[in-house]
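Just below sit the structures, each encoded as structure tokens.
Note that chain A is present in both complexes that follow, paired respectively with chain B and with chain C.
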Partner chain A sequence: MSPTSGRASERLGLAERMWKNRLLYLCLVPTFTLLLIFNYYPALSAFQKAFYRYDVGTKAEFIGLSHLLRLVRDPVIWKSAGNLLKLGLFGLAAGLIPPLIAAELIFHLRSERWRYYSRVIFVIPMVVPGVAISLIWRFMYGDAGPVSAFLELIGAESLIRGWLSDPHTVLYAIMFVGFPFITGLNLLIYYSGLANIPDSILDAAKIDGAGILSTIFRVHLPFLMSPARILSIMTVIAVVQGFERILIITGAGEGTGGGPGYASMVPGLYMYYQAFSFKRMGYACAIGLAMFVVLLVITMLQMKYMRSETEYVPE
Partner chain B sequence: MRLRFFFHRSMLAVLAILTFFPFVFLFITSFKSLPQFYRHFWIPAFPLHLKNYVDAWDEIANYLSNSIMVSGATLVAVLALASVAGFIFARYSFPGRKLLFGAVVCLLLVPGSLTLVPTFMLMKDLDWLNTYRVLIVPFVSGGQVVAIFLMRNYFASIPEDLFESARIDGASGWRLFLHLGLPLAKPMLGVVCIVNLLGTWNNFIWPFVTVTDSNKSVVTNGLMIFNSQYVGRLGPMFAGYIIASLPLVILFLMMTRTFMRGITSGAIKV
Partner chain C sequence: MRRFNNISAALLLLVLLIVPKVQNYVRVRGEETTWGTGQATHEIEVFTGFYTPGFVPHGIGDPLEMFRVVGKEYEALHPDTRIVFRKQPAVAGTVEGEWVRTQLVGGVAPEIVSINTESVWPDVDKGWWLSLEPYMAEPNPYVPGSKTWWETFANQALTRAKRGPDGNLYSISFDLVETAVYYNKDIFGEVGVTIPETWAEFIEMQKTLKAAGYIPLCMADANASDWAQDIVFDQLYYPILKELDIERGPEEEEEYLRGYLFPKELCYNIKRGYFSPEDERYREMWRLLKEWRQYWNLDLVNTDRIRLFVTGRAAMLWDGSYFIRRMRNDPYVDFEWGVFYLPPMTEETSPFATGVEAAVIGGAGLQLSVTKRAIDDGDLDQTIDFLRFITAPHNCERIVNEAGMFIPNVKGAKMAPHLKPFAEIIKRRYCTVKWMFSFGPEFNDYMRRTFALYLGGGIELDSFMRLHHEHLQESADYLIGKEGWDFTEFDKAAGQ
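Showing the complex of A and B:
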């Protein structure tokens, strides 16, 4: 069916087509040069460096799987993984449920104007720098802070403790930051999911006499599976990688975060310290690589598992 | 019936109050002096100490201008590169198009944790630490990825007839792009602006590890420096946090619709 290359046909050879489009390739050169140097090279060299000893000051030497072995035997890694698991589960719940409640509350408002204003209100905190928020909460948990003051106010002084200096409470204190957990982005995603439900179905439910709660559970929820899937993938990626908040709240740049004594350490933060405090670049890359693999596996599992949900296809 | 109305509205109000409580507390306290703070913990105290803001401004102004410069330069570069690349990927067909575009998109899979240390090492080797370059160039390169994805999708959705009629009138590639494609793409360009701006302005960890010179620091890592200098002086310290948070909030309130659209689009890319 395909013409032979000898024929003078409409089909140009590959090289000829490329030459014909040379201007296009030229325009793409800046883009790809940047990508190659600043995106592909670091990503690939992470793989390479993970197998070398790259301590600052010593010569780089190939040590094969030594880092990985060290990783597996490192107790801090396991403690931080456990912390990450707790943070992840809580983060998932906090990222999926409160925004949904808020989205439903807003969706059921009567006036379109108020529905818009409410969304705007909950989105505003998203543009505040995370650093400021972490610093604020660091203060709030301090001796002079509102958390302790509030407990004093309601007469529960016995509960007051050094939230950040007590290894039993520090992880939970970190989880609680951001209460009531109505992330603007999550809210917007849920809301657009609700807004996309066909009116015909909503009307049918009303005609059938469905009350609000049963409408929510039996009519809205199936349509919210898709946003929920997106959100859970995003939340997991963010939690597994995120260590900035912990760094600032427990360390504030003074170099001893993740404490007290690893009670709030997570793998991302451990990687940070290995690289920038201990200067063990190779080991840090190995940690980063391990995190990437775990993240990839979790994400793929999530996408596979959630794809099997029945999705409502609007007619 | 009435009861449910009240319950509904007040639930929402309570959630909003809880969400904003830390910021309100911050705002109130930023006008207090220390003695005022100890005596009136929860409620505003008069007279208002505006001097707190003056003190904080002296420190933070420099960080703000650096942030504006870095984020601004990054944004301009990303808009230029991504609109061209997105246009090319969307409206032209050439060998390797799918491959090249796929190569761009698969970078979306790469998490920051993997690339943080190697990129830092690269900066060190290039001797770029403590410069403005180190803050701008990697952001441009990374920001391209999302932006190209968004722009390409948008350009692909424009009907071919518009371009056909322009081509018949004799317009060539560049003119098609500049005079037809770009103006049509204004909404999506706005989205890219928002997504990129939010990503670069609030980024903490990269400036934190690459720039230690306080003259070149941006708002995010500057706040940490500021924080350590003002320990114990809650009034000016909080004034500083407020000043640091204001620019984006003001921008958001001025361009709310664009922001709202941008935030959702930036996420649905997954």
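Showing the complex of A and C:
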């Protein structure tokens, strides 16, 4: 049998199998249809619109690469990309390290009951909507908010400032939102990673005389590389795509989210303003396209370079 | 398998039966959803801004209901028409009109929308908005004896001055709003300051209040780059207004505008070198604003400025007449308070100031525009008729006074007595320019950003003025090109 005829028979086999299970495939049709309509079509349509001058309410006009060229020359894009880089690096550190420390602490608790309660305590805040958290932090940074009140209490009045009105502090104020950064989901992912380490390996480490730190760095961390990779990918995607927090915290006035100036602007928010405030839907789509490409490249790099040397696969 | 197929068929049938009902449900839009089985053949959706039924201004007191009551009365008079009140999602940080533009693109905008008319003008050429000019020339059937709808409005000049650059009116001015400085009399008494007569005194008393540990004046980010700038600009440029005011508006509008600089005049003056880094008067304006800023709340983005004032941490709050409802109803306001208007600038403050009375920056409150939806849905006559119905004195008075935040702009509609100070303030001359109404949302956005950066210490005056000048030039060039303005007549009038 030639290789070509082999592939043909494989295809035939696949078709036969699909026909046999046609009802199951039929059940999948609505899901895929909805996915295509509400996820893929808008995204592909946006990619197309990136090459059009498309002011909402007017006819779209093809302009080739003009928007992408403009994007490269737009100083706000570079400023917001710089802000995003800072937020992203801080977000990665905050999303990976504190939950890991918390997971280790919980894992080392002797009482199973306390381990359970500790996990629950960290998971409960997950039900608070992100918008509510942003609003709480906006209040915290206010003139009568707890941050300034605390500084006053300890006699550090000279440090009090308009945290969100000062271009030198606004980005750090945004970074600090979510302190102490122990996200419930991240903690659970790490904890499940720790819980999956075979007892035999942990026992072997003990027999070899490994202390707590040695066990963490030489046994736990290699096993946690897989969860860390997933978390880093999720964090990067969330940071690049997310702008709601910045919009809510800095955008109380009309149209100045990401300010003062562009001190806290990020590409996602800039895209939002271009699309819905300035009616430049085509340019907004070009920004979206660029963000997609950047995100894709970063994710591929993460997938490639953040590989775990030790990956335990249960039998 | 046969049984499974039967179940699938039954489910499909159920879906087919439900879908038309769901469609019917969805078609009947807005908050008052019904199954649409009434006799009404016309449905008018209305977004009435802060008068939206169910809305509780400042979160204090009973929800507003009068617009709904008036709507029901209209329905009783016109059984073929239903009035549906829509709610607009409140979104922080968005440019005005964003929600309605999205609704217009989707073809689901309400027929009547509350929106500042200046936000309507940039989209007029898209056919989204209806000119009300022909209807204004007709009588209002709900005002006996009226010859035109125009004449039924109280502040004629202001109502007419809301015409767009193309000379058409796109909104009716339902009520009037004005700003004032609310002040805490107890704090004033404790610190020993009084209502200032001049700007110099105003700054001095803020200095005293700050030294006493109070936040002298509460200011919002948006108001700083809008109201504050307008007031200071007016004080410095009024003395040379004759040089700048090249084109007089229609006589009927001039009574209110009195030398207001329209976008075309602004563009012409920008091209003549005014409002540039070399314009000392303009530089002085930004310097004075920065000087004033040190007496405001630290965080301008913060929205709890009202809380700062209400809880006695701040001595003054510059806000609109709408805030008086909060002051009258808030049980936690346990101090004596009053209102005053900003004092004039004299030479003591700046060599460019002459002590002319400070102009007002308020004007129309609720501005109602008609969208193309009225035409698309064949409800135009009913939409206009409902607008006329609500501007009958009795209806306007009931709606406006229930909220107690604004002054009715219809002849014969009485004002709530507690708004008298604002009615006095609004008699003043309108400010020389409203930058935020002149060039559109993108100009406003950049203006606010660079100004906030300057106020926050991110850039110095020279850098700010350079950025601002570049932006003004770009905006003027864009507008001149878009409108195809020729300045030959202006040159002649200016003697150049």
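To be clear about the criterion, the second predicted complex is superposed on the first by the 271 of 315 C-alpha atoms of A that agree within 3 Å, B and C clash if a C-alpha of one lies under 4 Å from a C-alpha of the other, contacts with A are read in each partner's own complex, and residues count from 1 in each chain.
Here is the rule we go by: a contact is a pair of C-beta atoms (placed from the backbone, for glycine too) under 8 Å apart; a residue touches a chain by one contact, two chains touch by 3 or more.
On a predicted model such as this, the values are computed, not experimentally measured, just so you know.
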First, second, both or neither for A:168, with chain B first and chain C second: second
Which of chain B and chain C A:273 touches, first, second, both or neither: second
Partner chain in contact with A:105 - chain B first, chain C second, else both or neither: first
Touched partner set for A:141, first chain B, second chain C, both or neither: second
First, second, both or neither for A:123, with chain B first and chain C second: first
Which superposed partner A:262 touches (first chain B, second chain C, both, neither): second
First, second, both or neither for A:83, with chain B first and chain C second: neither
Of chain C and chain B, partner touching more chain A residues: B
Which of chain B and chain C A:250 touches, first, second, both or neither: second
Contacts of A:31 with chain B and chain C, given as first, second, both or neither: first
Residues of chain A contacting chain B in one complex and chain C in the other: 23, 139, 144, 248, 252-254, 276
Residue ranges of chain A touching chain B (in the complex, touch as defined): 14, 17-18, 21, 23-25, 27-28, 30-32, 34-35, 37-43, 45-46, 49, 54, 98, 102, 105-106, 108-109, 118-133, 135-137, 139-140, 144, 146, 149, 179-180, 182, 184-185, 188-189, 192, 230, 233-234, 237, 240-241, 244, 248, 252-254, 268, 271-272, 275-276, 281, 284-285, 288-289, 291-292, 295-296
Chain B to chain A touching residues, read off their complex: 8, 11-12, 15-16, 18-20, 22-23, 25-26, 41-42, 81-82, 84-85, 88, 92, 94-96, 100, 103-104, 107, 109-122, 137-138, 140-142, 144-145, 148, 173, 198, 201-202, 204-205, 208-209, 219-221, 223-224, 227-228, 234, 241, 244-245, 248-249, 251-252, 256, 259-260, 263-264, 267-268, 270
List of chain C residues in touch with chain A within their complex: 1, 4, 92-96, 98, 101-102, 104-105, 123, 126, 128, 215, 220-222, 297-305, 307-308, 311, 313, 441-442, 444-445, 448-450, 452-453, 455-459
Touching residues on chain A, where the partner in the complex is chain C: 23, 56-58, 138-139, 141-145, 148, 160-168, 247-257, 259-263, 273, 276-279
